[in-house]
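Below are two complexes that have chain A in common, paired first with chain B and then with chain C.
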Partner chain A sequence: MHKNNNFIERSIMGALSFLKDSIFAEEYAAGGGFLQSLDPRIKSITFLLFIIQVLFSRSIPALLFLYGLSLILALSSGINLGFFLKRTWVFIPLFALFIAIPALFSKFTPGEPLSVWNILGFKLIITRQGVGSALTFIIRVAASVSFAVLLTITTRHIELLKTLHIFKIPQVFVMTLGICYRYIYLFVGMIEDTYQAIKSRVGTSVHYKSGQNIVAWNIAFLWSRSLKLNEEVYRSMLSRGYTGEARVLHEFKAGLKDWLWLFAVAALSLVILWMA
Partner chain B sequence: MHIPDGYLGPGTCGFFYLVMLPIWTAASRIVKKTLKSRQVPMLAIGAAFSFVIMMFNVPIPGGSTGHATGGVLVAILLGPWAACIAVTVALVIQALLFGDGGITAIGANCFNMAFVLPFVGYYIYKMISYNAAVNSKRRVIASGVAACIALNIAALFTGIEFGLQPLLYHTAGGQALYSPYGLNVAVPAMALEHLFLFGWVEALVTALVVKYLQKHSPELLEESEVSR
Partner chain C sequence: MDGLIFGLKDVYFSYLGKFPALCGIDIKISKGQKVSVIGANGSGKSTLLQMLDGLIFADKGEVSFRGVEIDEKIFYDPEFSRDFRRRVGFVFQNPDTQLFCPTVKEDIIFGPLQLGLEKSEIVKRLEMLVESLGIQGLLERPPHQLSVGEKRKVAIASTLIINPDVLILDEPTAGLDPLTTRHIIDLLIDENTAGKTIITSTHDLHIVREMSDVVYVFGMDKRIVKFGRAEDILNDTALLAANNLVHIHSHRHKDKMHAHPHLHIEHHNDSV
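Up next, the complex of A and B:
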């Protein structure tokens, strides 16, 4: 009971699925669909507007409309609907669905009874307000996640980070984000290699206390390697002309299509916010 | 503890962006002042480190696994202000690129995990380990206690943020518009799971990592701190 090595499997699977998802996302981002053809800066602004619309919408039809729009945009960008639904519903909206269930009942959301159930002598009352709360919550979460994922998988990650300068985020933050993003992949690779090595040495099972020590040792060792890496990264920055000032290169160009798209989304935002 | 989009209302999201703005500004000023030029990449590497800590699955009795957030560990290693920036960078990347935590909730998530968690943890650690030698057992205990308490306080804040939503945003008929549970449900739900499970995992991982660093690289517990 106290012996297992599923923490090794889970860590390897976690690292592999992270890398696999990123490769899939980069493939979609390099595709030739509608969203991929937009200027990343304009696209980021319009998707922020979509997410704000979802945040401010108070009615279920408005939220459903926005969710439907996200699906249409996904299809028009050459994204496989099955992949998109799986990517967006697992895990956040499914978890929202799970935690919204108790909110249906009068115990948590008192109000006008809609349906009464008698289970093992317990009277469960589903209220109109409870159904409304749960539906609003789930659709809002699903629509927000859909727009966020759509932006992520139709834009190259490095470009998405570069667009942050239009929101007046200091260049040093944008540079830090860029370096961090690259090192996440390096570290994930290190974790995968380390756990593969552990797996090949521990056999079929390991006591959970030994497992905890293995994990702690690996985290400590990763930190030690990170510090050594810092020195190397700094030297390579110096060799590339770093003088203490952060500069981020960007070669974005917005065309007529981008401006028309921005105008259309801004107009829709005004209508939705006015309705809300 | 990552709050997704749709759980918090617009006012709450805006409020936490406003709260975090002076904290981020102060953190950048303090770190810029104390950071040696060769430590510039340290923030990015620290952020990547805090991002991947969550990928280390820790075995727990009964055959299951959990993971630590590493917020207090990063604060002990880098100092609280640098940890604030490093965890913020990790949270922004998680929200923008990997859909973990909402874009509109970045302010609230940073308040809980890049401000409350590292600052509370760091100062509890400093208080308990006051005047203790680098290789003393008190430091190990201090790191574990600090990690457990700080995570629970951060979880409490998250529970309060969720629990306030039905009070702040509802229709005239009483229908909740965002997170549907009040303080009486949201606070115990968040507090209990962290008190009985996640807090202990966090304490265990933080304490064991500090213990290993004491043994193999004690200099890292002192030298790597870039801002106090």
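Up next, the complex of A and C:
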């Protein structure tokens, strides 16, 4: 009965630790590698170009080339390849299970049979075209996830938010995202403190029913705390002159290296497009 | 000291219409004054300061700023609102409330940007301020990574950069170590010497003498119990004890137990 408590503790602490590691640890973004040295706006545009290429390319060699390029860029930016592969490939099985595996079979991708399986009287035919589609899909997912992850881990979150401005996202929306980012950390700390405070009073062994209650209390407490904080933050914004129209200072400066990089990526995109 | 900045006449305020927070408050604050509001937790200090900053409004009574009565409607006028926000700065009790941007730098420049100051002027003020507060190393950091003292300094910086005539501070030294408290008090005294009106709420009696020309004592009935010069208020031990600002301290002298009202400020004075 009590082992469920470990499950609750592991879930809470695991989720908090993941949040801290994935959202707040800007270890690589603060590094001095190639991608970190680029202007975030130019970097975002070029990565968007890469992802568009990946999405529209049907050629496996072109997709492999783009995936390889993401790995080279990761290495040139001082990113540990093991960490990078772990971070990107964690998503692939999910997609593969639901989309790529069914695509192997003739039911979804008719074509030239490659292998025929008989399971419990059901005839499953894997087709050559199905294998090609599944492979294309997996490489496409791997490459696009790699570029997306690479952009987020080599750019500080605040800079990424600021780049939304160039895509004409309303400033108030960007500011709201920034405030969310700021307060998630505060709430993560609150959840940790509350959980430790409860644990210090009730001990490590809690009946699973109590465990459920603890989680529910935590959710209720956070809800009421966030409402109060929401009001206080709004007042502090009003106090400093906020009138509903957010103004920010944009300080990005693109240099020669950034423009060369943009030119190189644009040229590469054209070559891939021409080859396709 | 002439030139009335704030005038409150028989002001009442309650939360949700049923939890009284201020009852029959009369206060006058003049230009360049240092005013402290002292009282136990829940005596209405923070409510008063928020009212002075035009964030909440009186249910009854009159609040005026430089002779103009302020209510919710007057803040619909963008000109008045901008002028008021430029003239009055508020440092919140909880710095986590005030520091809502992803980086310290953005938090500091938030106010002047919203108030439409020139970018070159903002950059100039920022450079001067971070230099005087010694927070150069914090600018690119997210506020959640700062210590309480650092957060408090940044919160003060985010208000000072507006260069307001009136600085309102809600418990500016709560939870701070003695050295950081000293830095903040010195900074506020400098600002007052430069002509700013400083209004502070606190229950830390250490800072009251330095931070006050006038002290208002709030009681648990949400009324002003007494006001006057800091010396007079701090010497009235019975008043302080009755309003939970001092406590009875028991200790042993050789073989005899001894009890008396304990005012931490006395120890502070000995060491000066």
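A few points about this structure:
By definition in this document, the second predicted complex is superposed on the first by the 210 of 276 C-alpha atoms of A that agree within 3 Å, B and C clash if a C-alpha of one lies under 4 Å from a C-alpha of the other, contacts with A are read in each partner's own complex, and residues count from 1 in each chain.
The rule is simple: a contact is a pair of C-beta atoms (placed from the backbone, for glycine too) under 8 Å apart; a residue touches a chain by one contact, two chains touch by 3 or more.
As the structure is a prediction and not an experimental result, all values here were calculated from the model.
In the superposed three-chain model, the partner touching more residues of chain A is B, compared with the other of chain B and chain C. Shared-chain residue A:I179: touches chain B and chain C both.
Using the contact criterion defined above for the overlaid structures, shared-chain residue A:M237 touches chain B and also reaches chain C. Once chain A of one complex is fitted onto chain A of the other, the partner contacts of A:L48 are limited to chain B, with no touch recorded for chain C.
With both structures placed on the common chain, the touch criterion links A:H157 to chain B and to chain C. In the superposed model, A:L229 lies in contact with both chain B and chain C. Comparing the two interfaces of chain A, the one with chain B and the one with chain C have residues 157, 161, 178-179, 181, 183, 186, 229, 233, 237 in common. Residues 1-2, 4, 6-8, 10-11, 14-15, 18, 48, 51-52, 54-56, 58, 92, 96, 100, 102-103, 108-112, 128-129, 132-134, 136-137, 140-141, 143-145, 148-149, 152, 157, 160-161, 170, 172-173, 175-181, 183-184, 186-188, 191, 206, 208, 211-213, 215-224, 226-227, 229-231, 233-234, 237, 244 of chain A are the ones that touch chain B when the two sit in their complex.
Residues of chain B that touch chain A in their complex: 4-7, 9-10, 13, 28, 37-49, 51-53, 55-63, 65, 70, 73, 77, 85, 89-90, 92-93, 95-99, 102-104, 166, 171, 173-181, 185, 204-205, 208-209, 211-213, 216-217, 220, 224.
Against chain A, the residues of chain C that register as touching in their complex are 50, 53, 55, 78, 81-82, 85-86, 89-90, 92, 94, 96-103, 106, 109-111, 113-116, 119, 122, 142-144, 158-159, 162.
Every residue of chain A that touches chain C in the complex is listed here, in rising order: 24, 157-158, 161, 178-179, 181-183, 185-186, 189, 229, 232-233, 235-243, 246-249.
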